[in-house]
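First chain written, first letter: the chains are A, B, C and D, and each begins at residue 1.
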Amino acid sequence: MGSEKKQAEMMKEISGVNPLKCMKCGKCSATCPSYNEMDIKPHQFVSYVINEDIESLVNSKSLWKCLSCFACVERCPRDVKPGKLIDAARQMVVRQKGQDYLLADEIPELLDPELPQQLLVSAFRRYRR
Amino acid sequence: MQRIGVFVCHCGSNIAGAVDVSKVAEMALMEPGVVHAEDYQYMCSEAGQAKIAAAILEKSLTGIVVCSCSPRMHEATFRKAAERAGLNPYMVEIANIREHCSWIHKDMEEATKKAVILMRAAVAKVNLNTPLQAGESRVTKRALVIGGGIAGIQTALDIADAGYEVDIVEKTPSIGGRMSQLDKTFPTLDCSACILTPKMVEAAAHDKIKIYTYSEVEKVSGFVGDFTVDIRKKARSVDMNKCTGCGVCQEKCPSKKAPSEFNRGLNTRSAIYTPFAQAIPNVPVIDREACIKFKTGKCGICSKVCQAGAIDYEQKDEIVTEKYGAIVVATGFDTIQLDKYDEYAYGQSKDVITSLELERVMNAAGPTHGHLERLSDGKAPKEIVFIQCVGSRCADDRGKPYCSKICCMYTAKHAMLIRDKYPDVNVTVFYIDVRTPGKNFDEFYRRAVEQYGVNYIKGQVGKVIPKPDGKLLVQGSDLLDNRQILKEADMVVLATAIEPNPDVRKIATMLTASIDTNNFLTEAHAKLRPVESPTAGIFLSGVCQGPKDIPETVAQAGAAAVKAIGLLAKDKLMTNPCTAQADVLLCNGCSTCENVCPYGAITYEDKEVNDHGIRETRRVAVVNNALCQGCGACTVACPSGAMDLQGFSNRQIIAEVDAICR
Amino acid sequence: MSLENKEFKPKIVAFCCNWCSYAGADLAGSSRLTYPADVKIIRVPCSCRVNPMFILRAFEKGADGVIMCGCHPGDCHYSTGNYYARRRMTLLFSMLDYIGVENGRTRVEWVSAAEGVKFSETMNSFVEKIYSLGENVRLGDLRCKS
Amino acid sequence: MQELINRAKELLADGTVARVLGYKAGDLPYNPEPAYFESAEELKDFVYNGFCGANLSKYMIEASKLEGKTMVFLKPCDTYSFNQLLKEHRVDRDKAYIVGVGCKGKLDIEKVKKQGIKGIQSIKGADITDDAQILTIQTIYGEKTCSYGDAMLERCHVCKGKEHRIFDEQIGESKETKDAERFAEVERIEAMSPEEKFAYFRSELSKCIRCNACRNACPACSCRKCVFDSNKFDSSQKANVDSFEEKMFHIIRAFHVAGRCTDCGECSRVCPQGIPLHLFNRKFIKDIDELYGEYQAGADTDSTAPLTDYTFEDAEPSIVGKRG
């Protein structure tokens, strides 16, 4: 699975995360508000990247359940930042689907005034890069 | 012309892995004066040293260069080896091709080139070396111990038992330190006070030990064997000689609002106080910040009730100057500040406490008289959650990167004690790893789990939420069950990371002892000289050197004592011969050097000189070799170049510069 | 031989005091914190042992940059050495600047025994600066360069 | 002048001094040279006029080794040098009888010549009793005049003051001559680009022939043996071999006298190549004043010299790049 290895490397590159720093303390999962919605839990994300099983990761429900609230990034004692890994996995999916980025100018038209602020912030975080 | 031998060390693959060592040896033979060059696996080994000795004898070498690790590591080793073979030890120079070359340059060609240049510089220097003879300096047979905790007490007792005088300087009003605040000690669960107080009493009663409490080290000068230390005895406002320790003043003191340091601020004390009942000396101090007399001028009740007339509001700080041969640092630790960890709600809820605070809560002399109760409402808790690694093993700047070492064991101890005394209380411990290396340690932890039913959960806590009803909602992970846990608790106990006492930085600076990025004092060698500072005559005892538990601290305290005794047992020390020397023919007698000498080692004498046939009396500088420490400040201040430093002479350094720029 | 064809490899001399900066360099080494091999360290007991003569001599012999490292002010092993060194170097550097020698070729940095990272970073940035300044032509004895 | 001679005769006669250190006429009307006089008889050669610019303090190092007292004539600025030497234990106060001579500014023959006055036969108006307005110069091309101020040495235009810092008695009137800023020239150079600075000093220093006149005249450069003559640094040089050595010599010379140089200007005065060597020393003085507080070497004999002093808050060497 050469491509899986390459994908894992790419995820590390996009996220800037070194998953080997993880001490398996689980504070990310402990702090995650979407924990119950997730099939692969935040702390497991790190293991999946280490094991280079990117396939399962990008096909997981969790990928789109993460709120990008970055509580895990904030509280991780080891600077591993699972949230960034999740973000990176999304990036990879988005990139594969053919670079369908929104232009910044297009966004205001799409906005619904009823949308919760949190969602907007998350969306910007997600699509910033 | 010198006959120089060059010895290139492989250091296993440490050097040979990045530097072509045989090439360095080969190139060495082309340098002026070099008559012998070889490379070998481990130059510092006995076989390597034997090779050096053999070459010195066979080839009648007059100087050697060892291309190896840092001179800070093995310069002394190679000097001794040379000396055994009959060569003056100061005819040895080290080219540092490990720390400064092979370890940082991965490209073999580049690293080899640099190693050759470093070798050349060392050869150029040794070509100008002259044999030097070490002088002697005296040893003051008294030791100073900074810090009066268990480490300091033990070190002082061991030194005193060997027959040497020891002074302990303790910042707080009593000796005892952190250990005096603990309730029980692992893994035997004996009461801390029961094993500590006899030692405190022994130290106080020992005729060789003098204790300065409520005192701080103000200034340190001198060097190994001959330190001069100024100790500030802070004004106690109580006459130590008159006070009987009856305690009436503390009882009658109307100002009782000062937070008790001893009880970690969980309750209050009077303005005139002893930190705890078994304090040594049992003489109170007046906290001038809290005292009504000092704040308003009125009151003076303590003075009125004191039968002995010991209260002295006029007392002033006093500076005592003493001489010491050795200094032991035993400044201990404190727990870190938790203000950057708002997720644990420490500071938001009184029921979230640190482990050291729990020690006070569990202690009979503590704020709750030993009853386990919530500090918010005094109710007995039913659910207690312990969180491990709070601020330890943390990669960011909120905490500390190291393991605090003691938390796993004291948490097991707390859990066990609570389950033992209050079987109806549920105890949960969230952990990342449980680390219990130590005699009877793992057995202790397993007993907590198996015998006392403490619930250990692999996973960290993400947040603690104080609820309106006073309960605490703990959200954590259970990584083994792969679930998120939401747990209601009555109390949360944080195993807070420990850090060196913040004062240690100031003290290290005074002692010119080095300190690492975490403020722990650096040892002279991490493995082989763990209780000595790289600064001669300074020894390390206890947590100031790194996290450790009580048995380790006591063991290290003894080790530091032995090292200090080893120094004090000597009548004289060999001094560094790399001192400044003035050339009488060049000296102008201008006094500039005298003005920059930090040791007062330079004086002036009228000397009869013969300057190429001109006989006259001149005012010339004279260096006292016992005082000179070889810094070289004078050599640069001297405009004529009359002042030079042996072992680092102007010509030697210039030869190195030339060799590097060649 | 034409100078332009040769890749510029600067010669950089670093004077390090034995107690702090040399130990800092050792720490950089044992922590495997790399910096360019162009830097060659000369051990001196204290920064106050560094004579302006040594620095000019290095330039004379073709050094492209000279850096001096000592204990932080207040932390000198000999208590006051680095204070004197600080004044001396300030004046010397000011003079070099005054006669038109590029200011970046000389530097003083205080590096403690614990600052392996700072040592490596300092050397990296200094070497980078020297690369940007190029070969030292204003103070070198050009005969030494062939 | 006669007043000085009379006093010298008196002191020689009553045995207060064993000799007099002053000036005697040279081979030209404008080059008097320092000389010892040991009797009233010898004093017939004594001169003292506006061209007696040489700082006699340095001669007192040798005079201090002689038997008996030496009477010496010092201008106000020379007394700073004497003080500095006293501070460095190089001269013996008890061996000196210091006559503080009034000063109306000293003359620079090069400045006269620059005005196109050549073939000088005699000069009037340069005596200390003259009012120092106009010099009347007899040349082979006829009589010329020149304003005294225009013929003054650079150092007199930035005079430190006409107060004698140390003396046994004072003779003669002084006149304020300061009409320029001491550091103006240094500031002008500081404002140049590195390339301009380099070009300026290269053109000046390339004139240096290493005659060592600056070193020999300088009262601060009084080492028994100069580092450039000894093997202590492997730095002995008899002549400049290349452009570097010119700089090395002058930078090190300036550095060795930094904090000790009184800014007496002898180096520039004696330089046969007319190199403004005082600009090196004055740069250090300016830096010292700015960074470590005003300091005038030789103003007293007990203050701590800036390079043997320090404060915790001293500027870092990186300030050099930041001052712009």
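Throughout what follows, a contact is a pair of C-beta atoms (placed from the backbone, for glycine too) under 8 Å apart; a residue touches a chain by one contact, two chains touch by 3 or more.
Since this is a predicted model, take the numbers as computed values, not measurements.
Comparing the CA-atom centres of all chains against that of chain D, the greatest distance is found for A.
Centres computed as Cα averages put chain A at a distance of 78 Å from chain D.
Between the CA-based centres of chain C and chain D the separation comes to 36 Å, rounded to the whole angstrom. Chain B and chain C have Cα centroids lying 31 Å from one another. Mean C-alpha position of chain A lies 46 Å from that of chain C. Within chain D, contacts with two or more other chains are made by residues 227, 233, 235, 307-308.
In chain B, the residues touching two or more other chains are 596, 637, 650, 654. Touching chain pairs in this entry, ordered by label, are A-B, B-C, B-D, C-D. The part of chain D that touches chain C in the complex is made up of residues 189-190, 192, 194-202, 227, 233, 235, 242-245, 247-248, 251-252, 254-255, 258, 280, 283-284, 287-288, 291-292, 306-312, 314-321.
Only residues 65, 87-90, 222-227, 230-235, 256-257, 304-305, 307-308 of chain D touch chain B when the two sit together in their complex. Contact residues on chain A toward chain B in their complex (touch as defined above): 21, 23-32, 35-36, 41, 43-44, 71, 75, 77-79.
Chain contact summary for the complex, chain B toward chain A: residues 343, 389, 393-396, 398-399, 432-433, 458-463, 475-479, 482, 484-485. Across the complex, chain C meets chain D through its residues 51-53, 56-57, 59-60, 73-74, 80, 83-84, 86-104, 106-108, 138-143.
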